[in-house]
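Presented sequentially are two complexes of chain A, the first with chain B as partner and the second with chain C.
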Partner chain A sequence: MSAPDHLPTMAQASPWQRLEPHVPLLLIPVLALLGFLLIPSTSSWLTLTVSGLAMGMMIFIMASGMTLVFGLMDVINFGHGAFISVGAFVGVTVLLGLSGLTGAPSLWLNLLAVILAITAAALATGLLGLAFEKVIVQPVYGYHLKQILVTMGGLIIVEQLILVIWGPDEIFLTRPEALKGAVTFAGAAIEKYRLVAVGFGLLLFLVMRWMLRSTRIGLIVRAGVENGEMVEALGYRLRLVFIGVFVAGSALAGLGGVMWGLYQEVITAHMGANLMVMIFIVVIIGGLGSVEGCFIGALLVGLMQNYVAFLEPKLALISNIGLMVAILMWRPQGMMPVVKAK
Partner chain B sequence: MSEPAPQKAPILRIEGACTNIAQYHILQGVDLEVPAGAVTMLLGRNGVGKTTTLRTIMGLWRAHRGRITFDGQEITALPTPAISRAGIGFVPEDMGIFSDLTVEENMTLAAASGPLDSARLDWIFAAFPPLKTFWKKEAGTLSGGQKQMLAIARAMAEERKLYLIDEPTKGLAPAIIATMAGALRDLKAQGASILLVEQNFGVARMLGDTCAVMDDGRTVWTGAMADLADDTSLQERLMGLSMETA
Partner chain C sequence: MLTRLLSGDTPRSLPLTLILLAILVSLALAPFLFPGTRSVDTAARICVFIVLVASYDLMLGYAGIVSFAHTMFFGMGAYGVALASIHMGRGFDALIVGTLAGGIAAAALALVIGLFSLRVRAIFFAMITLAVASAVAVLVSQLSGLTGGEDGLNYKIPRALTSAQKYMDEKLFGVRVNGKLLNYYLVFACSTLLFLLLLRIVNSPFGRVLQSIRENDFRAEAIGYRVVYYRTAATCLSAVAAALAGSLYAIWLRYVGPDTTLSFEIMVDILLMVVIGGMGTMYGAVIGATLFIVAQNYLQTLMGAAAEGLEGVPVLPLLLNPDRWLLWLGVLFVLSVYFFPTGVVGRLRGRG
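Showing the complex of A and B:
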């Protein structure tokens, strides 16, 4: 006798059961629709929506590494914000040095400057991540309290180093010529840079998703998030994979830092630490270890922040905490909980 | 009956292994030999340290005393991935399925040194037809028996010098136990070396060539499976079968 190998029928699955797995993704249009109903002018709504999506994409880029680092090795890295700040300073320094390219009225030359800047930032923060992992994170594997204290210490040290190297003042910057200003669409003014940020964030997400789903290294990462021990028992050195993910996550944070700097048009040594609150919210509501959850969470937080800031500025700060509470009441492990073996 | 292939060098040898988990002394002297090309049963009551022994071989727990030699090489202190790549396929007691990954992805990962071999895959599909049916399905949605099939199939995804299999029939219905036993017999017929933990005495008796019995973190008896199978009073003394029914 052999085991039953018939395909199960879907007849009993109710519409809700079929819909349920897609609910997190559907929350984005639902939130956008809610915004549409509450915001009196369509053009303001459109501006706010693009702005929220742009913000969400950038937060996703900064947060994605952190969720994987936690998922793979159970490491809580409060120092993640350091990479954002360092990335921003390195990137902006490069941009300021490339004023020939940024000042030219050519979109391609401007984009070239931005690409050079984010590449430099990603390289610098990737290297910094390598050192950070070795010196700060590795000695405290398995000890959450120590991780929190030590990685926070690392953040403070890096912030101080920024102050030493770049001085105590914030740096103001202007966007490259072709990325200044806005385009008008359906009566709404939409900043060009935000469109670029949305496109670039989406591209990065799709690349990341493809890597996680279709490459062996991606499979190892996904399997490792669920059961690291078994990945090792199959012959893979999880420790190396983890270092790779940590470095990639740091590089992405640095890259996100440059984009955020261009978005705000000002950078400070503390910008990374300030962003950590929002990043934590995103990582938690997405489901620790889930890149897709992180993506959806980031877009929700971005939209929420922009809508509420327009409707009721006083509530902007707590609206995202409220969103987190609501989502955790619905799914205590986050929207896309990752199955954990232990 | 004589022991099979007693003249061959064992593929795996454990000498005086002691393993602590946290502050507990779990293994307190395990001595074990797995002859090449034969099935060695690891038996004993619940909680005597069979799973801990397999995990110690894989380096998932560390023996702080004693020596483990595999295929002529000492592996006591090697990291788990190196032990695996030395040629050991491991089926843990909890199966260790990656439930977010599809059956196919689970198998792809299991073939660590390259792409899946299609002849081998055909053999696996013949042994476990549901894996073919659910090839593209998330492993987390498989039934318990199908997950166990996948766990064993993963170990078979590549040529291995030794298989460590922990209770492959645990919690399964009789029909699926027969499927499992059939697949393991197949594996054995191809000359595989297997160290098998099994509570189902019928399966153990059918597959086992040699046998080691553990009690309280030690090996207390080793010999031919047939000798143990024929001697009920020995079974009772070693594995407390009478105690369990009392």
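Showing the complex of A and C:
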């Protein structure tokens, strides 16, 4: 075998080729810039951007578990919304019980109360997730149709149980003292709670990213998403990993539920089911199974929703569908597809 | 002749045949057998829902596609009739134009959603229909200038179909022969016709292809059927049938609103009816819809009585509260997906 006559060409990748992998991430500043151009006053743009980011972060927290569960085990969980509602109800019950801490004017005591509430909610929904996985999801592995039907049934049952336990009325709550009100920055009033939500969401995303990229368990999870059979052949019990991811995803949903409840200052048993619409959009445009895609998708949806709600209130929900259609035309598998067509 | 009318798909089981005959006779003679506004209302609702559930079964049971937008198509038919009746004035032409417009709009929207999401992955379809349907429901309640918002629309249908029009002076078997009776039989006849049509569709070669796609889409594609086209066609047919059912419902009720046609609760009801009756058989729709609507009307009374009877026991009265009937239906739903995937009809046919 002789070497080919021609020399290998060493052409530099064109700028577009180098840029392309980062396009989804760049969409966020592009959207923010577009908002800046369309919204007349800078201060309202700033307010809207922060609230869009806050909303996006919360949606990301709720959606991340679902996308991982799908990626890992090809399980589509329509009952994910139930964990959001349960988390919100448990968390708010704890917060209402800790009125001594939430009413105090000290930031640290308030944060302590919120952290306690969030922990309680995450624990409760994690346990519920474990039960849900064992009872509802496990018997229907591998059947998408049945999964959709059964998890939908699970959602109905859990929603009704919430109504049995907490009664049929919605619960109004007030945020802890130190998280009330707004700070003024560059002429824009920004609610303190939104800043906290952005910070907290970003922190969670970074932790999750670190877990997935730099720890052994993260490696197994990522490998499981890519090729589950191979991971099992190497001797890892993917089943246990999956249960762990399902429980963690449920706990995150519950945590997101508390944060959403504090954001809206009202909770209902149907809030989870209502949020599912947004979560599905995020999961689809992010690419099923991708945590990064889910993060970018959530921020895009949050920003889009806030900008459009300001410019043309009636189009807010439709705009997200439009965003989804546009992204699916561009990349039919979502922005960052991880799961190869199964 | 009868077999031909049923497109060769006979019930194939004696108990099932008897139940279906009983339902058919009760519905056909409902105004005479069960006089009273409420029971005739229930009968009309059953007729409409049989068509609606059967059209959903065409998608879910035969083609294996899960959609959450079926109430949207149902609502399009209903709002079509309502808007036409308001803007064109009362008359049969308005009903026809509204029905056609609703059906065409539903087919067009189903085509767009289908081509979009079924092309990629069947599982997208469930999520995308859920998103689109909830967006439409929100839009309908916000555009109150056009759709009446949350309050819905009241409109007039031709006098020939209302109780104001009398056809005979004396009563026939104790029932007033008026436009309302005619209206009921219009609903009944159209529902029967649509049901037989759906039965024809699922037993045609087209229906066979759908079933093969449900069982193994990869293989169906390999044999040479364009899976996407067949799935999209099934979605469109099902959407049109749902829109027609919506038109019938609008003609019967003389009112449309988000709660009666578009709400997610109705979507859940349809799912329950299909699964309990039996997926993948049109007769399941008949049994599921009848059972469910009768239970909906009378189960709550029963639960209320049970809750009162158990006063003093700690948790049970709360669980048996009439408002919590959906809880029990949810449990029933999950259990039937696990243990009776073929529903009542499958059990009766002995192929459980």
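Observations
Note that the second predicted complex is superposed on the first by the 328 of 342 C-alpha atoms of A that agree within 3 Å, B and C clash if a C-alpha of one lies under 4 Å from a C-alpha of the other, contacts with A are read in each partner's own complex, and residues count from 1 in each chain.
Following the convention adopted for this analysis, a contact is a pair of C-beta atoms (placed from the backbone, for glycine too) under 8 Å apart; a residue touches a chain by one contact, two chains touch by 3 or more.
Model, not experiment: these values are computed from the prediction.
In the superposition on chain A, A:280 contacts chain C only, with no contact to chain B.
Legend: residue contacts after superposition of the two complexes on their common chain; A:321 is shown touching chain C, with no touch to chain B.
In the superposition on chain A, the chain among chain B and chain C reaching more residues of chain A is C.
In the superposed pair of complexes, A:160 makes contact with chain C only, with no contact to chain B.
Once the two complexes are overlaid on the shared chain, A:230 sits against chain B while remaining clear of chain C.
In the superposition on chain A, A:188 contacts neither chain B nor chain C.
When the two structures are aligned on the shared chain, A:308 is found in touch with neither chain B nor chain C. Chain A residues in contact with chain B (one complex) as well as with chain C (other complex) are 341. Against chain B, the residues of chain A that register as touching in their complex are 1-7, 216, 219-220, 222-223, 225-227, 229-238, 338-339, 341. Residues 58, 60, 79-81, 84-85, 90, 92, 94, 96, 98-101, 105-106, 108-110, 112-113, 128-130, 132-133, 140, 145-146, 149, 154, 175-176, 178-179 of chain B are the ones that touch chain A when the two sit in their complex.
Across the interface of their complex, chain C is touched by residues 76, 78, 136, 139-140, 144-146, 148-150, 152-154, 156-157, 160-161, 163-164, 168, 273-274, 276-277, 280-281, 283-284, 314, 317-318, 320-321, 324-325, 328, 332-333, 341 of chain A. Chain C makes touch with chain A in their complex at residues 60, 64, 66, 116-117, 119-124, 126-128, 130-132, 134-135, 138-139, 142-143, 264, 268, 271, 275, 318-319, 321, 323-324, 326-327, 329-331, 333-334, 337-338, 341.
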